[in-house]
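Structure record follows, encoded as structure tokens.
Chain IDs A, B and C follow the sequence of writing; residue 1 opens each chain.
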């Protein structure tokens, strides 16, 4: 039976878990973004699945839409890539036309508009995080229906269900960069451990006044390195 | 054929920065028969002189109800007024449908102005050849607006336009301070007297050629035409000579 | 080279052999006949003021406002053909509304000026259109506070975002003037209409670029300048209309509003007094 994405099943209780088209690539995922003392950190696992098959084990789910505005993508890979592409175009135009870099909220507003207006056709859960000099670091979450939530930190994807308690217990305001990276890494490790659709490496992006810096942590050495690059 | 090089369309400025086509359109208003409007604190009134093409023809419509709370009086090309009154009726209805609220007079006048302006700046159209008085009442009280083919609109206390309207204007200016306190009756009388000032010597206000429109607080816009205008003519011009005769009508 | 009779001045989309667009120059003439309008960019806000000529005593006093609010933080006034001014205001409102629809936040004044400049320019180039017979002054305040996203759920985290650059200032007062050619500049003090020359020389005396003039002082200067500019057409009656917009900590809290009656009347009293003073000095 074909059902629109994100709709309840016939019984009105169970969410349709089998909403992807046959063969469609899913980001069964663990993603998160946090605020810390100097900006924001985005983190994600790297598993992409087609049903039970791992289509890509080193996926990059952290996508840049402007210099220091990035997003974490969960849901359909095709949908979220398309949405991020559109927003990247708009933000690029904004920067050129107004001679001023767009802010994180501008990006969040654009993401929300697209996700809300096309909610019936999209399977996209996104976390937007960015840094600008005026507002510092900011984290926005846009879950399935297209609502917009400004948060101190946000977690998303199928793996996030396993780490709500962990994050709540370990969250601290105003962490240092080192503490922040550790928090994200440990959270995602837990998510990967419990969620069958999450796995692979842990990728992170740190956004501060200094710009964007990528981190990579491999399972081979228990996610201890290689670190930033 | 043209008076100068700059008057063949509404898209050409003269070296003095004037747009002749728009000014000519204003002339069409001056050719129309006179209309008068006045507001008081409680009422807004329109009065108009109707013309007939010939003895046996009917008289043209000069006052049009647009919505329950307001109406217009026109001077100039009646067919252009018809287009605009249709537009206003549609806009007014849509306000009631969408917001369950009668449209504000300032708002409908603004929309009219924007519409008229476009035909003075965009190709393929001519300016409207009609002037309007828009009178009625909304949540902020009674209002009277003047509309010109150029798209100029102004809120007025009293106004007259059309042929020989200067005489009516002189009357209105002389009494302008009295209007605010006027009740319905007094206001209609003032409007009719102002209207009469603009008539040529050989003419009278009669049951056939006079239209009055009035609306007030808790009073819907009503059009007084034909027999219903007779009492007002009688009350306004009690002691005029031969008044009775001109008022007699076989209908 | 004279323009008249050459044929090069009849169409808006035609250049004369020496590279001029006469229709635009004629449109400027329409502006020069309009009532004076000015804008002053003060250190803590913007004032807009206009000389509204009373053409008939039948006009309703205090009605027929000429300075329009475009978005909550932006005001606009123009000199020249009234309906053209109104049309540009409605276009400006569309621009700010569509900006909000896309970006969920108020439009910066500079961006609005840019859009309007392009719009007005289009009317000097396309056949089937005529240039705008107005010069418009756009003044507003870009919020200095953190911007929320319209429609965002909740106020967000109570703890401030990390990593803000300290000591930097954002937002502030902005003032632009757009001419019939589509040309626009940012200004400290802008004047247009019949009395612009007198108004300009008064504005220059204020040393606005120093950024020392307060908004309240600006209101008084604006009133005085309109009165000075009106001197040449003294026989005509006029109404002074003034609006202002300040920062979030100022009197209008970032919104474009009419100057309160008491302050306007006080400013008018001072303006009249200043004019009388001038007359005495000349004697």
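By definition in this document, a contact is a pair of C-beta atoms (placed from the backbone, for glycine too) under 8 Å apart; a residue touches a chain by one contact, two chains touch by 3 or more.
If you're wondering where the values come from, they're calculated on a predicted model, not measured in any experiment.
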(message) Can you tell me which chain is nearest the middle of the complex, judged by mean CA position?
(response) C
(message) On a CA-centroid basis, which chain has its centre farthest from chain B's?
(response) A
(message) Need the CA-centroid distance for the pair chain A / chain C, whole Å please.
(response) 45
(request) Averaging only over C-alpha atoms, locate the centres of chain B and chain C and give their separation in whole Å. (result) 34
(message) As a quick test, compute the distance in whole Å between the mean CA positions of chain A and chain B.
(response) 64
(request) Spell out the part of chain C that touches chain B in their complex, as residue ranges. (result) 3-5, 9-12, 22-23, 26-33, 56-60, 63-64, 81-84, 86-87, 90, 123, 127-133
(request) Going by the contact rule at the top, pick out the chain A residues touching chain C in the complex. (result) 35-40, 90, 94, 97-98, 100, 103, 105-106, 108-110, 112-113, 131, 133-138, 140, 147-152, 173-174, 208-209
(message) Per the contact definition, I'd like the list of chain C residues that touch chain A in the complex.
(response) 101-105, 108, 110-111, 114, 146-157, 159-165, 168, 170
(request) In the complex, go through chain B and note every residue touching chain C. (result) 5-6, 10-19, 110, 113-114, 116-118, 120-124, 144, 150-152, 154-159, 169, 172-173, 176
